[in-house]
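There are two complexes below, and they share chain A, which is joined by chain B in the first and by chain C in the second.
Here is the complex of A and B:
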């Protein structure tokens, strides 16, 4: 275990020093973050801007803002920690450099998941946290609520990681998976809004088929104390099932890997 | 003029062959642009919950019609040339294209048009399916669709030119695609991707009427959904033609200045 923690420290140091070589990209990353938060805020601003509208899907403006905050935070988590690693899996399978990863005396899944970071997009995380704190200051939040929300959000992060890992692992068979992540982003866009804002069939889809509801809506509900015990139990359970499932899927994919060319 | 059209025809047929190879990707690209579909579902939910079942005269079915039409029009306006230019300038693959007896812009333009033609039939199937699921109703007047076609062709060309100009900023900066994303946000907001333009505060509408955005996206979508008139389409077309002239000049100017700045990789 200490060995893996030490490796994380080495990986982080290496990836940060590599990125600081390209400091000019920071401006681009900031613009991208602002664009991202702009889309989310405009969406709810127009909805609440209509005369007579006080709630969307039973959420007040500040509660909906809380959902946007969790959306941005997750967006940042994906941009900083998940995507930089997962996008390289397909490349490594295509060129055959996955060989070197598999030969190393550490767990291959650990290696492909932690080797890279995109620190430039840390602005997304900061914006997300800022929005959550700002929105929460208008709502009544208890210490217990914060605790439950933390557990819910931790489960959400595991869910996000597992979905990305599973989608990227298909690279062992399909080679091109960049499109898969595009598709994920398309569906994840629904996470900008509380899941209750959608018609019931869509709500069921976003809860049970692609668990977007657990990623942004459930933590926001937990923070304001409106979470049903059933969902509170379901979230860590879904995370655990996905974690085991994606791990098995990864193992299977690596087992069928035959390297590039001949 | 004839040699030009012959070259363009050859470029177009090669690009068309290329794009038909990518048909599976095209479906995925289409499905990844979901913002208008997400907004549609949220607004439908809002209308259903509102007293009287309407918001500013839009019922749930009206929202479905409007946003599906926006999705349809938005798909025809998709332009990715900024990414291609960013890549070509940084990797130096622009150099061999400069030797050709034609502005490299035409290669990109024909590629975009070819992709739209491949995209169109797939889109019709998806829109019909979604329209049936969401209960949308579209205009039955054939003149409306002629007007939409004209506006979309103008709008697409205007957007292509501004994206091309932004993409050319790659001669100076490595963040040109980020500028593109910020401009996209303005396009999406004023174009009516989040809500019909009439839902915005008055001062936003007053600014929007001077930009090309509402006429390329919101107006054709409104026509299809039966919320705009042919007269408005004529006025919109005039504004778009004005902006077309502006961006033709801007594009040419950025291209000329940028090319002087360009030093191929490895030189």
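Here is the complex of A and C:
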């Protein structure tokens, strides 16, 4: 365990140094963060800007803002920790450098999941946290609510990682998989609205088929004390099942890997 | 399966690998058709290869493109799972990729790189030090040696993307050998390098082999790599091992015979020289011709008796010529018999 923590420290040092090589990239990243939050806020501004609208799907403006906050936070988590690593899986399979990864005496899934960070997108995380704190200041939040929300959100991060890993792992068979991450981004876009704002079939789809509801709506509900006990139990369970499932899927993919011939 | 005796570093028995490959007709229509309905068929890349390597042995793996060299190396390093037969490397079954096994091997591929592109090579070395859990003192000692032998001074702190191909390859080698592996798989390690760089890569591999008694399997398109490093040659063609022996006996396998070079005191006509052998060439007082292997001494004696010879040398044909002949013709090639240790 300490060995893997040490590896994370070394990987992080290397990836940050590599990014400092390209300073101009920083401006682009900040603009991208602002763009993301702008689009998300515009969405709920349009919804609540309609005359006479005080709630959407049972959510007040500030509760909806809370969902946007979790959305941005997750967006940041993906941009900083998940996508930089996952997008490299397909590349490594295509160029054959996956060969080197698989021959290293450390867990290959750990290796591909922790080698890269996009520190420039940390602003997304800060904006997300800022929105959550701002929105929560207008709502009644208990200490217990914060505790449950933390567990729910931790589960949400595991869910996000597992979905990305599973989608990226298909690269072992299909080699080019950019459209897989587009698929995730497309569906995840729905997460900037509370799931209750959608018609019931869509809501069911976003809960049971692609568990987007667990990523933004459930933590927001937990924070304001409106979470059903069933969902509170389901979220960590979904996370655990996905974690085991995506790990097995990864192992299977590596097992059938026939590296790009030189 | 019985475990190999301790004096065997690599043991390969009847190793096989077949792939499923997809076919596509050329052109747009072919692409569309193949998108919806992929035709595939089995290709046997390696068809039952057996050999043993002793610790410290350096072997050259030769064969035309697509012969199955890289596939065999990948099975021995654990990247590909064999579809048949067995392989044991350093006492392990490669396909399991166990940590103690991975710490004892390395794979270097001339066409692929593991160094972090945007950072100096030194940063990649530190990452590998952590991954392989190399103690600091050993890391420092190894780095000093490698810097010395490879001439890495001054290039370690430059970003990898700014290095020349040769400099990058030196750093790739250092990164791959930092953990002092006992078994080295080198796939075309000198590809694309200029002659000087090729020579320093060879010198480094030779030095490493002697210093650590490491077993080396080397594939290369450059015969010089093989002749400089390997005493033993494995020739693989169309997935089969067609030759296993030393360089000299590989030359003997060729039907071309030996090359006799002459320095004459008196000029000779081409027609006259041609009576003594094939492929006669005359250039002033220098001449050469090819003589069947079994008749070398008789022909040489006749040449010395009949002509006014200042100097006569008998040489094996260059290995390139032998290889061209081996793979150019479809003549059957004798295979050395194998004593199978394991059943």
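Quick note on the criterion: the second predicted complex is superposed on the first by the 261 of 262 C-alpha atoms of A that agree within 3 Å, B and C clash if a C-alpha of one lies under 4 Å from a C-alpha of the other, contacts with A are read in each partner's own complex, and residues count from 1 in each chain.
Just so we're on the same page, contacts are C-beta pairs under 8 Å (C-beta built on N, C-alpha and C of every residue); 3 or more make two chains touch, one makes a residue touch a chain.
Since the model is a prediction, treat every value here as computed from it, not as a measurement.
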> Where does A:202 make contact in the superposed view: on chain B (first), on chain C (second), on both, or on neither?
Replying inline: first
> Touch check for A:228: first (chain B), second (chain C), both, or neither?
Replying inline: neither
>> Per the contact definition in the header, classify A:31: touching chain B only (first), chain C only (second), both, or neither.
In response: first
>> Quick check for you: in the superposed arrangement, does A:142 touch first (chain B), second (chain C), both or neither?
In response: neither
> Where does A:192 make contact in the superposed view: on chain B (first), on chain C (second), on both, or on neither?
Replying inline: first
> According to the contact criterion defined above, which of chain B and chain C contacts more residues of chain A?
Replying inline: B
> Which chain A residues lie in the overlap of the chain B contact set and the chain C contact set?
Replying inline: 22
>> Give the list of chain A residues in touch with chain B in this complex.
In response: 22, 24-25, 27-29, 31-32, 34-35, 38-39, 42-43, 46-47, 49-50, 52-53, 56-57, 179, 182-183, 185-187, 189-190, 192-193, 197-199, 202
> What residues of chain A sit close enough to touch chain C in their complex?
Replying inline: 3, 6-7, 10-11, 14, 17-18, 21-22, 95-97, 99-100, 102-106, 111, 255, 257-259, 261-262
> What residues of chain C sit close enough to touch chain A in their complex?
Replying inline: 19, 70-71, 74, 77-81, 97, 99, 102-103, 105-107, 109, 111-114, 116-119, 123-124, 126-127, 130-133, 159, 187-188
> Okay, in this complex, where on chain B does chain A touch?
Replying inline: 25, 28-29, 31-35, 38-39, 41-46, 48, 50-51, 55-56, 173-175, 177-179, 181-182, 184-185, 188-189, 194-195, 199-201
